[in-house]
Amino acid sequence: MEHPWIPNSHRAVLDEMLEAMGVSSVDDLYRDIPPSIKLSPEEWDSLPIGEGRPLREAEVLARIERLLSRNRYFTDPPPFMGGGVWPRYIPSAVKALISRGEFLTAYTPYQAEISQGLMQALFEYQSLVAELLEMEVVNASLYDWSSAVGEAILMARRVTRRERVLVPETMNPLHLETAASYAYGGGVKIEEVRVDRETGFIDLEDLERKLSHGDTAALYMEYPSSYTGVIDENIEAAGEAVHRAGGLFILGVEPVSMALLKPPGRLGADVAVGDGQPLGLGLNYGGPYLGVFAVRWEGRLVRQMPGRLIGMTVDAEGRRAFAMILQTREQHIRRAKATSNITTNEALMAIAAAVYLSLLGPQGLREVAEASWYMSHYAARKLSELEGVSAPLLRGEFIMDFTVRLPIDAAEARRRLLEKGVLAGIPLGGFSFFTRNDMLLTVTEAHSKRHVDLLVDLLDSVLGG
Amino acid sequence: MEHPWIPNSHRAVLDEMLEAMGVSSVDDLYRDIPPSIKLSPEEWDSLPIGEGRPLREAEVLARIERLLSRNRYFTDPPPFMGGGVWPRYIPSAVKALISRGEFLTAYTPYQAEISQGLMQALFEYQSLVAELLEMEVVNASLYDWSSAVGEAILMARRVTRRERVLVPETMNPLHLETAASYAYGGGVKIEEVRVDRETGFIDLEDLERKLSHGDTAALYMEYPSSYTGVIDENIEAAGEAVHRAGGLFILGVEPVSMALLKPPGRLGADVAVGDGQPLGLGLNYGGPYLGVFAVRWEGRLVRQMPGRLIGMTVDAEGRRAFAMILQTREQHIRRAKATSNITTNEALMAIAAAVYLSLLGPQGLREVAEASWYMSHYAARKLSELEGVSAPLLRGEFIMDFTVRLPIDAAEARRRLLEKGVLAGIPLGGFSFFTRNDMLLTVTEAHSKRHVDLLVDLLDSVLGG
Amino acid sequence: WDEPLITEMSRPGRRGALPPRPGEDVVKAVGPIQLPRTLARDSPPSLPEVSEVEVVRHYTRLSQMAYGVDNGPIPLGSCTMKYNPRVAARLAFDPRLETLHPLQDDETVQGVLEAIYMVQEWLKHITGMDACTVHPAAGSQGELAGVLMIKRFHEIRGELDKRRVIIVPDSAHGTNPASAAMGGFQVVEVPTGDDGNVDMEALKAALGGDTAGLMITNPSTLGLFEENILDIARLVHEAGGLLYYDGANLNGIIGRARPGDMEFDIAHVNLHKTFSVPHGGGGPGSGPVCVRRVEAAPGVTLEDLLPGPRVVYSEDEGLYRVRPPGRWSVGRLRAWIANTLAVLWAYVYILAMGPQGLRLAGEVAVVNTNYFIKLMEGHWGYSLPYAPGRPRKHEAVLSAKPLKRETGATAEDVAKGLLDAGLYAPTIYFPLIVEEALMIEFTESETKENIEAYAARLKEIAEEARRDPSTPKKWPRNTSSARVDNVRANHPRTVTPTWRVEVLRRQGRLGPLR
Amino acid sequence: WDEPLITEMSRPGRRGALPPRPGEDVVKAVGPIQLPRTLARDSPPSLPEVSEVEVVRHYTRLSQMAYGVDNGPIPLGSCTMKYNPRVAARLAFDPRLETLHPLQDDETVQGVLEAIYMVQEWLKHITGMDACTVHPAAGSQGELAGVLMIKRFHEIRGELDKRRVIIVPDSAHGTNPASAAMGGFQVVEVPTGDDGNVDMEALKAALGGDTAGLMITNPSTLGLFEENILDIARLVHEAGGLLYYDGANLNGIIGRARPGDMEFDIAHVNLHKTFSVPHGGGGPGSGPVCVRRVEAAPGVTLEDLLPGPRVVYSEDEGLYRVRPPGRWSVGRLRAWIANTLAVLWAYVYILAMGPQGLRLAGEVAVVNTNYFIKLMEGHWGYSLPYAPGRPRKHEAVLSAKPLKRETGATAEDVAKGLLDAGLYAPTIYFPLIVEEALMIEFTESETKENIEAYAARLKEIAEEARRDPSTPKKWPRNTSSARVDNVRANHPRTVTPTWRVEVLRRQGRLGPLR
């Protein structure tokens, strides 16, 4: 069998190579595998892997067509759903650039001299996000927002040598689950702090109470909250409180909102995390996304941060050049003492985000955030006019996500809307202090007035009866 | 208004430039346009162009979604339709490579030294097609098969200084229409030669009769016929006849079939034309396709051929290099005496064809042609088992297209099949000697047994009732 | 960089693709392949045997040795190499379109037909004409369409026998005379005056009863608006000829003036120039043609003469329909309706720009041209022939004649000196009426900074040439090849248009090209 | 090549995109934007202001200064940089997928769920394990999943307090000890014997009541199959530990042996290695984890401990369903189900290969490795430490120690000498147990010719070093930069992880990193 992806698979080539090696057959190269566990080609070939035989390209393309035809694509309107990733406007140039083979098929740039372009692109990602967050150091990416939270709390444990991490009770539950997994490995205890039922802001008294134990490694907050949408006005006070108590202040941010909001670097955050998905990445049913991780310019933070860093330096001839830096933090050098086990990250997505931020610039990014603000507030206003609907449910300001209370079960409302071709928000029953009638709705710049009006009309019809 | 595609559109930049030029306003640069025909910005801006205002990218993407959703895509099964372009297997690497920006956004390589890669790719196209056809000289492309026929007959007129061109009466009618347009401009007369109703072969007696006038510039034949599918066994005899009569022998070929058939270079063809669409190009509702044009190694032919040629040469340091050659044939040098007015061609499609031929190689191309042969013959056999159906209608051999006679009106059968989700063949009513019940059916390697069985079953049901 | 030919990478038995195969049941049902014995191929074509890996790498490397707008400015005059926005690729490269057969029933392709229809409509307003078709595959095919329509027009009027001449200015694109010749017309050139306009006296002398038409581009290839265009139109029409507009330079006036208003009868536009369709290393393009409804006979206007199928909207059915060419049409110029993907690209571009954006594009292109002229003003090495005081439009034509006089460096040397700095060269030695011409069109896609860098490099080239006149002949040195040997490339004994020729020649089986 | 930073190309007022804007009706209905005053941003982020044209050109140029498998061989040991077939991109890059939200109802994403489900199933058979999840985002996250499962396993058994140690061979990937440490375990290394196998006596000594598990890759980073793997499995299990398989080197045995058959309890695989998902310059990847159904408690097996959501098939409904992690699961390691596009890529790859193709891939990879060793055999500059007579699998580790002894040229110098010839360097200085290590993995994607060229260049490097020992220190000279200054790159006074640091430092607003 000759295969297009295996140039030496032609029998004549293989035989020529085997002969040069003085080896009688391919089998001979596996002679050190104990016979009891060595599979014969017949045994292996009869396993139900794929369709049990190689498919020719046209057959594969037919399978692809079939797969694609078995999903429903919501574009008109896009899903009214966030939860940590969002339907957003994506400039077409992003994918065109990251699908260039030189980027797409490259490895981690271990050889600086032949990979300067890749390194520069990653350095630019780090630099652009640094400006967005006003944090000095940004790594070349982690997996996603939630695992970045996990890494951040492990880092806080290393930096402070304390075990307790506080989070608001309205923290994104999926992020919390992930953080809990990391915490389980690292021996960190996560404790929830009360959130005000009216405003959605963190309860400062409860926070102070919990900080008073004196063993808090960090307080983690979202800004804006990815599960209530609220911009917490107590955030600066909370940060000051945790700093007074000797802990780190970790902020999880939605990056586009940073065009309108005072960035974490100005709020005293020691660490900022988030997801770069809004920066030009598709939803793609789960990923790849982009874990953002940034720290202040402080040695104990930088030296304890996880992940790869590209730095600017010079080459032997004094010209600007780029290199991987501070690698002594990483697993391939430091092994069991590394700051994380991460190696493969989300580099290509980081380049996508760099392209996005370059295209949008300060003005474009602000326009995106403003459009989100307008469309979501327009939606809230229209919804609030429906009988029995409270929107927004919480008093805190928001930019694109907001909670609503419906007169019926939110999951049921969602089902009915789906029948009419609209993907509504996330039902909040069981989450924190919310009821079964509550829903997290998302409206971004990707939604038009027509989309919102349609949602409101359809909701009206499924509610009213 | 600043625009992302117009870097200097920002007011401040424009003003800076105008000031440097000592020009008071943009208007001033249009001062030489007579006032009576100069539009004011208001007049122009109110014209119904696009939607009357610039659309933002997300709006454009929504229009694209809508456009795409308003077509029906036939992939399972693919259309059973040819007619000069065909549904075929396309390796995925083709589009991935031709969409690389360096190829996609390049101009005609007027500057050889900075365009060696582009030139080499085009030289490779010429070289690979030359091998396929066994013709020595291939140009870097014309628009499509039909316009290549047009150029070929004009060339025959120049070479022979005669005005009459003979074609079989079953010549592809769309190609004939195009040839007629070119002929009208060039003062060429096209005359049809009879074709045998049973075999689909050209009638040699009628041919000899028409050649006997002594004024024939060329005989054009298709091989295989793109409108009957027939491989004409009189082709060599016909070629000899026209050569005896002092005319050129022009063959129009479907390139994939050349893997199985004696190539035009071996059949004494002076000129070969065809469409490169089967070589990795999509159907794309009309184009772009790829006009193939090749000639024998003879000065009077090469010097009279239309279109661009890339040649291999050396550079000042003696290394292999590529350049545009024999440009004195072309319009930008020769103007009214040029061999054609063509300048923009189908270069990117030629590169696609080069990639396709490289991927397929001799073995792959043969497999494609063989699969076509098998699937089309399987279809003909199954169809012939249906009551009242003759398939194939003509006795001549075929590779993928063949004619069938149905017991009902072919257009009506096609309509009924479309209702069941299948695009059947081309009704032949009104074409040459065919009846309203006749249809040109196409089955290629892109069709599976399941597809053919489905067609036959559905046809059975729409015929029987 | 020394990339072998793909053929030279061949190794027997390697494969780059596994195409579909018939199942054994099919093979069994049908039996072995039968072909006419005399027509069966007896040896496979000498195609390369390479793996998919090697093919992808090979063409990736070749692409890196190419240069497109994505790499930097391509200020080729009259080529309008503007940026090709990626949002349009989003449509034109959508995989679903690959499956649409041009003979699909109208009902199944309403999305595509609507877009084609809209482009036809929008082009009417952009050009100020009455009807458009997107059928022609490129500008030169648009010209051919125009020439054939001129022919048919006079034929219908019964005047074809006498109307044998098409007039073109001496500054015209080479396609104009070539297209006229393809229509069987004689070509008469009229000279350009010092003011850059057509010499009106010469035009009047050329016009007469044998005039079939006049083909002209406006702005001209000098980048100058033809100031007498209304007089020209009147004179041509009075002489009984038709006026043809070569739209290659439309970017120079878009948003400010329209060929229809100038009383052109027929006009083509290049979607791959003004409307941002990528040029693909030479093609594909698209060259729609528009006409005014000038009557050839009662009830027959130029619209009826338009080539190829067009899309119409059927109010009754609420459907877009493909209408094949009618009885007066000059017929098809290609088998199918259009280079559809190019039309869809332009559809997206026009949607995104709207009238305001198109006007802005034209205006900035003009500003860029004149800003460049300003930067070059007064330099000892380069002059601006013809009406130096008049503003240019889409392009400017400098002459390197002063440079050549002083240093021996030619326009070609200048071009190679630009390549050496990583900049693409302008169109050179065109138009023919300018000695040592450098024809430069930045379009609206270039930055001020790039225009300045370009001007600076032109001046630097002049200084280097003055310092050492032998230097320019050595350019380029930084490109993937040094200057190519064009004599060898074209000599009958060495001309090598394909690898097949090389191989046969080496085997002694091929003589010089005679 | 001297490409500025995108930030340095900024020019006030330029724009690269026009994002959506709310209509005036919406603005009017809602009124001006209101944000908490203390939290409103008072100055815009310092992002570049550039046009789309410039962005496309900039990143196109940067890409040309990068090097991927599309450019040539990347024989990085343990990285399995195979060709990434374009047919898989056809699915993974389909624009429709961009719109699929991970919380869409199962009924609306049956196509994607089926593919994920099938990959889970196929991986069971490929690894010989009982259950798989594609949840982890990369191999190291797969390892973390494994370590957490080991922890949970012992916790369920009530033995967590005493089982504090995870054992790894000294040849292990750095991720193994790092992952173990992230689970809170102590790491004990066991040495490698001269035969390339784990030192069994040392292993026995290390095993005990504190053993939580052993992490090992097989074949090892030396490219050698661990011959005692069955004994190792028995000993670890007898000691009460779990056996973890690091699947980074799976390509070395695929089609011939399976971790499940070797009695591994937990195994991860790297879709971006063995299953041809492109590596994207560092990521994204995907690191599925598979387990055998080993019981932790009655009715609770390792399957119940698997992290994250999985796809199951509901016979009743005839639907694929996402099942969230259950009560015993170690939980989520990321918010959503998987790096779906990577899983879809691997889905296409496995479909196209089938078991026969996967086996062939493994076999040819092994042949390539050993052919390369043969080519290098007996050369004075390079040795093959550990069991030189045993065949390697996916990779070979040469030592440049003889070369260094004779000429002073180090493994790093050799690497740069390869870059200089346009070849990518191997992994160097790893595994740590080989001095001046050159760890080379061609995979099945390389041609015989490229392997020969690589060997030839290695030999040439040695000769050049012998001729003039100063030469290697000057490499590379043909790359886009010369050798980079790593001291400056990492020094607290000069370390520059972002442009922001550079700017603040220049302004005197940032001290050394302390």
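Going in written order, the chains are labelled A, B, C and D, and every chain counts its residues from 1.
Convention: a residue touches a chain if its C-beta (ideal position, glycine included) is under 8 Å from a C-beta of that chain, and two chains touch if they have at least 3 such contacts.
Predicted model only: the values in this text are computed from it and were never measured.
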* Pair sharing more residue contacts (C-beta pairs) when A-C is set against A-D -> A-D
* Approximate Å spacing (C-alpha centroids) for the pair chain B, chain D -> 46
* Asked: When the centre of a chain is set as the mean of its C-alpha atoms, what distance in Å lies between chain A and chain D?
  -> 19
* Computed distance of Cα centres, chain D from chain C, in Å -> 48
* Structure fact -> Residue ranges of chain B touching at least 2 other chains are 3-7, 13, 54, 57-58, 61, 66, 75, 89, 91-93, 96, 100-102, 359, 445-446, 448
* Structure fact -> Among chain D residues, those touching two or more other chains are 11, 14-21, 50-54, 56, 60-61, 64, 69-71, 83, 85-87, 89-90, 94-95, 445, 447
* To do: Determine the shape of the graph in which chains are vertices and touching pairs are edges (line, ring, star, complete, other).
  => complete
* Asked: Residues of chain D touching chain C in their complex?
  -> 11, 51-54, 56-57, 60-61, 64, 69-72, 83, 85-86, 90, 94-95, 445, 447, 449
* Asked: Contact residues on chain A for chain C in the complex?
  -> 2-7, 10-13, 54, 56-59, 91-93, 96, 101-102
* To do: Spell out the residues on chain C that touch chain A in their complex, using ranges where they run on.
  => 11-21, 50-54, 56, 60, 85-87, 89-90
* Where on chain B is chain A touching in the complex? -> 4, 57-58, 61-62, 65-66, 75-76, 89, 91-92, 96, 100-101, 359, 445-446, 448
